[in-house]
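Both complexes below contain chain A, partnered by chain B and then by chain C.
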Partner chain A sequence: LLSITKQKQQNELVIGIKGTIDLTTIGQLIEEMEMELVDNSHIALDLSQVELIDSTGIGYILRTVLSNRSQKKDIRMINIPEMIEETFEIMGVNQILDMNHHV
Partner chain B sequence: MRLNVYVGIMISIGLTAILYSFNIAEVNRIPYLLLLLLFGLLFAIYEVELPYGRFYSGTSNIFIISFILFGLNNALVTLVLISLIEIFYYKYGWKKGLYNLSQDSLCLILSVFTFNLLKSETGVPESLYDFTLVAIIILTYHILNLIFLSGVFYILRSESYFQVILGIFKDAVPTVCFSIFLSLFLLSTYREGYPFLFIQSLLFVFIVFMIIRYVFQHYVKIRKSHFSIIDSLTQMTDQKTFQDQHAARVGWISKQIGEAIKLSPEQLDQLYYSAMLHDIGKTSINENIFRKKGPLTLEEQKEYESHVQLGSEWLSNIEGFQNIANIVLHHHERWDGKGFPAALSENQIPYLSRIIAIANEMDHLIRKEKSTAFKKIKKMAGSQLDPHLVAVTIELTHILDSYEDSQEITKWIMMSDYVSEVRQKVYNSELLNRFGVNHIVYYAEGRFYNHSNQHANLPCSSEITPLAEQSIREGQPIRHNLHDRESGIMYDVYCLPAGRAANILLFDVTQVIGYEKEQEIKMRKIYKDVIYAVTQAKMLLVEGDELEVHLKGDLAVAHPIHEPTDITKCRHIIDSLISPIITDPKRKYKILLCINECLTNVLKHAQQGEMKFYSTGDTFKILIQDNGNGIDLADLPKSTLMQGYSTKLSLGQGFKLMMSYSDRLILSTNSSGTSILLEFNKEPQLNSSIEFGNEGEMKFA
Partner chain C sequence: MMKLSELAKWHQRFDSVEAMTRHLQKILIDFHPIQTDHFEIIGFNQSSEMIGGDYIGLIPKHDGSLIISIGDVMGKGLTAGFLTGMIHGALSGITLQEHDPDKILSSLNKALIYDFQRFNAFATFLVSLYDEKSRTLSWANAGQNYPLLWKSETKQCQPLELKGIMVGVLDPLAYKVDQIRLEKGDIVFWYTDGLIELRNSHREQYGINRVRSIIERFSEDGLQNLVMHLQADLFKYCEDSKFSDDISFIALKVL
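The block that comes next holds the complex of A and B.
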């Protein structure tokens, strides 16, 4: 399973995720995120320790970021490893996030 | 405009005629007049609704009796007063109210004129001749009334005046006969100085009238709802949810429970209809959800849950079905409040919905395993289901027995349930499963109407009309194939009679006739070629057996895929197998991600599968097979080539990654499963890192 660390930096909660984000661990991530989204409006997901993230994981994060924007909650991803960045590019993640940002 | 002119003319003539004929000095016999006025009002308020939408009120009898007994002046007083009160009571506009007043007065005055030609004095009729005259005046009154009414209908409809008048007269014969009979009966009991006898007979007539009204009301109500039920049912276009008479059985079980707890006949009816129709909303949900063997995604679950709202919405449009709509809406609520759509709990859930929830579960459980059905339903008591009702249900052991002899219950269902039979007939056609209904219309009197009662244009209408007529005449559904020469389309036509009208369903079956298989084969071939070319020979689509050809190499490992932890296990296995050869961590990451995606798809879209690992001289081959419903070929370009999330946030994003990260992907898919063979070169090739997606996207855009 994932090992998750949390650290408050100014008004932003940094959630550090270590492990593989896929179907086997997504439930744990959803639970953590839902809990933290109740009283945090700025969350940063630190992906530096993520070993592998697949389309299930990416899909969940994307949906969560987009659906929380309307409630003025800001979720961003930081310290994205090179391999994951490449996957994001293939999946068009950044385009989606940017595109929906201006709407 | 024309109608306004007509109405205006009638009002001015009518009012003038009243003023001209009226002489206040002659108004006498106040008590009798009041009595007639009172009953006239009662008749006006309690109109009888005839089938096919017309109304019959007994007031005209009162006008004529007033005239015969007390002269034209008194009759006019009654008429004007009743008409004024009608305007107030029915909230008619002044135009409509004055028109009715004028039309009635003109009819009365003109028929009195006819009467006066034959006899100069009014009074209590005594001889046969007098009674005949009364009959004639009534007849004249009604004929005039119908002629004037036809004027309105003629202007409103675009039929010939003759046709309008003929139609109206045909419908009116029974009511006119009834009026004559009523009036003659009332007059024959009238004796000067015996008001009570007259009151008695007026009361008697009124009671008869009420009984008729009640009977008609019921008839009309039943007719209306029956009509709309069939209408709505036929709107459902295919069999995708009709799980072998599930609805009918839930109806039957609900009824057994309802009878056991002594529901009133009215509630029983409601319960039965709601149960029969409880899943009607499912018909508009993507059928893949029902065929799917694996668990539903969140989105699919949401779509699935919407079926109660959809069904309820449709039903609420049916006359007299508002309650039923509400019952259907809540049949997936749970006793503990964890159900949908409103998350009601315990007694907040409509009583009848709770019964249907139990019947619904019972049918599923009995079908699964009869011997444990009661035990399992007991476990749901208090959490999912109403514990009191469950306690009642498990006393009804005959529910289980009835499943023993499925013939019996089928017979019962067929006999007691016309609706289901029609639905069955519509659905049982094999052809319909693949193709949607192209037209659903309602046929009445030579015309076609859509569901919002507007005229509908139908292909082949001249050929369909006689079929519709025939089905109405014989009271039998008719099915027929038609060929529209203009468009070259083949239609499968269904005519389902409903009283004097029929529901018509038209299906485009052009593709089915003969060519269905060839079409699909052709399509697959085109797909194969296009995808092969567009993916620069990276993706190959093959038919079942052809996959074997590509399975060269030594089978190193096989591992089943049943649950999420298998994903991790398989990934670790592959990791250890390729680690000695693939040293570049980036490349290893890509291979493992590919495997992960492919394994996840198995669990998301099928229930189980298997992974096999082969190794040849210069490649790894990983074969992942599942028992799902297969990938729809039409989705393939999107899910393989387009940038994952630029399409829809749901299915097949993983495909995009597999395409980008593998060196070759061979896909074989059909309705019994999907096989994906992922190939990775042991040595990276120069062109393996081409940014594939954007090119593919451009070519497909």
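The block that comes next holds the complex of A and C.
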């Protein structure tokens, strides 16, 4: 299971994630995010302690970010480890998030 | 407690569903190795479930060129298999008219976007076109890991870097295309992320370096032999237990 911590920093809730984000753990993370999105409009996912995120994990996070934008809820990813950043680059995750901002 | 007759019927039904699902997977991944006087191509696909979200496919064109596709639909199991079926159908239609990798990807994205958004899904996909007469390989990438090129001249692997956004998320999308000329003995190796993310009992990943070292070690022994060694090493690495993700790869050697 994922180890999840939460800390309010000014108007943003920082959700710290530790472990592997894949099909077996993504449900837990999305559930936490959905719960917090009820009362928070700004969420930062701190990925500094994420060992691995697979395509399923990336997909669910991406969909959650995009679907909440239309409801003026902002979710961003921070402290992304280099290896995960490389995967995001190859898959075009950052481009999708940037392009969607301008749609 | 369930009656034995009910249990027997349940087993019968489950067996037929399982058999049917396995059959669907076989139909979906219709990859047959090809060997001509000029090149050889072999594929490997193994799902972690009865049916998976990895896709590999070859489409020979009338002009002698070959469209080589590899992709990975988000998730695993039946839903991913269903979406893979949609990709297979869309790709078959698109390639009747189109053979430029970048245009195939743009059309594939357009064809899939509506349904993929309904499923909250996306897919990484890479389309290549190999022309055996000119030995040119062109390719466009929608978020797949970079293929590896083993050069017979340098005896080393290098990634064929080209980025692009995965399909099924945004529309319209335009893709870049790149092209290289291959030499005799060169090997191109495409793979899905399940290969390098395969984990052993210590939760260590198989990794790209292990793939590269196997290609570099066995590249001159024949393609079949290389693929066999890689498969054997994968099973050894996970101690013959079930793969945690779908794994696919395609290897092409210029003869």
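Following the convention adopted for this analysis, the second predicted complex is superposed on the first by the 103 of 103 C-alpha atoms of A that agree within 3 Å, B and C clash if a C-alpha of one lies under 4 Å from a C-alpha of the other, contacts with A are read in each partner's own complex, and residues count from 1 in each chain.
FYI, a contact is a pair of C-beta atoms (placed from the backbone, for glycine too) under 8 Å apart; a residue touches a chain by one contact, two chains touch by 3 or more.
If you're wondering where the values come from, they're calculated on a predicted model, not measured in any experiment.
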Chain B versus chain C as contact partner of A:M91, first or second or both or neither: both
Partner chain in contact with A:I78 - chain B first, chain C second, else both or neither: neither
Which of chain B and chain C A:M35 touches, first, second, both or neither: neither
Which superposed partner A:L23 touches (first chain B, second chain C, both, neither): both
Contacts of A:T56 with chain B and chain C, given as first, second, both or neither: both
Chain B and chain C contact sites that coincide on chain A, given as residue numbers: 23, 52, 54-56, 58-59, 62-63, 90-92, 95-96
Touch list for chain C against partner chain A, complex: 72, 74-76, 120-122, 124, 142-146, 163-166, 169-170, 193, 197, 205, 245
For the chain A and chain C complex, residues of the former touching the latter: 23, 52, 54-56, 58-60, 62-63, 66, 89-92, 95-96, 99-100, 103
Touching residues on chain B, where the partner in the complex is chain A: 564-565, 567-568, 571, 586, 589-590, 592-593, 596-597, 600, 603-604, 643-646, 649, 653-654, 656-657, 660, 691, 693
Of all residues in chain A, those that touch chain B in their complex: 20, 22-24, 52, 54-56, 58-59, 62-63, 82-83, 87, 90-93, 95-96
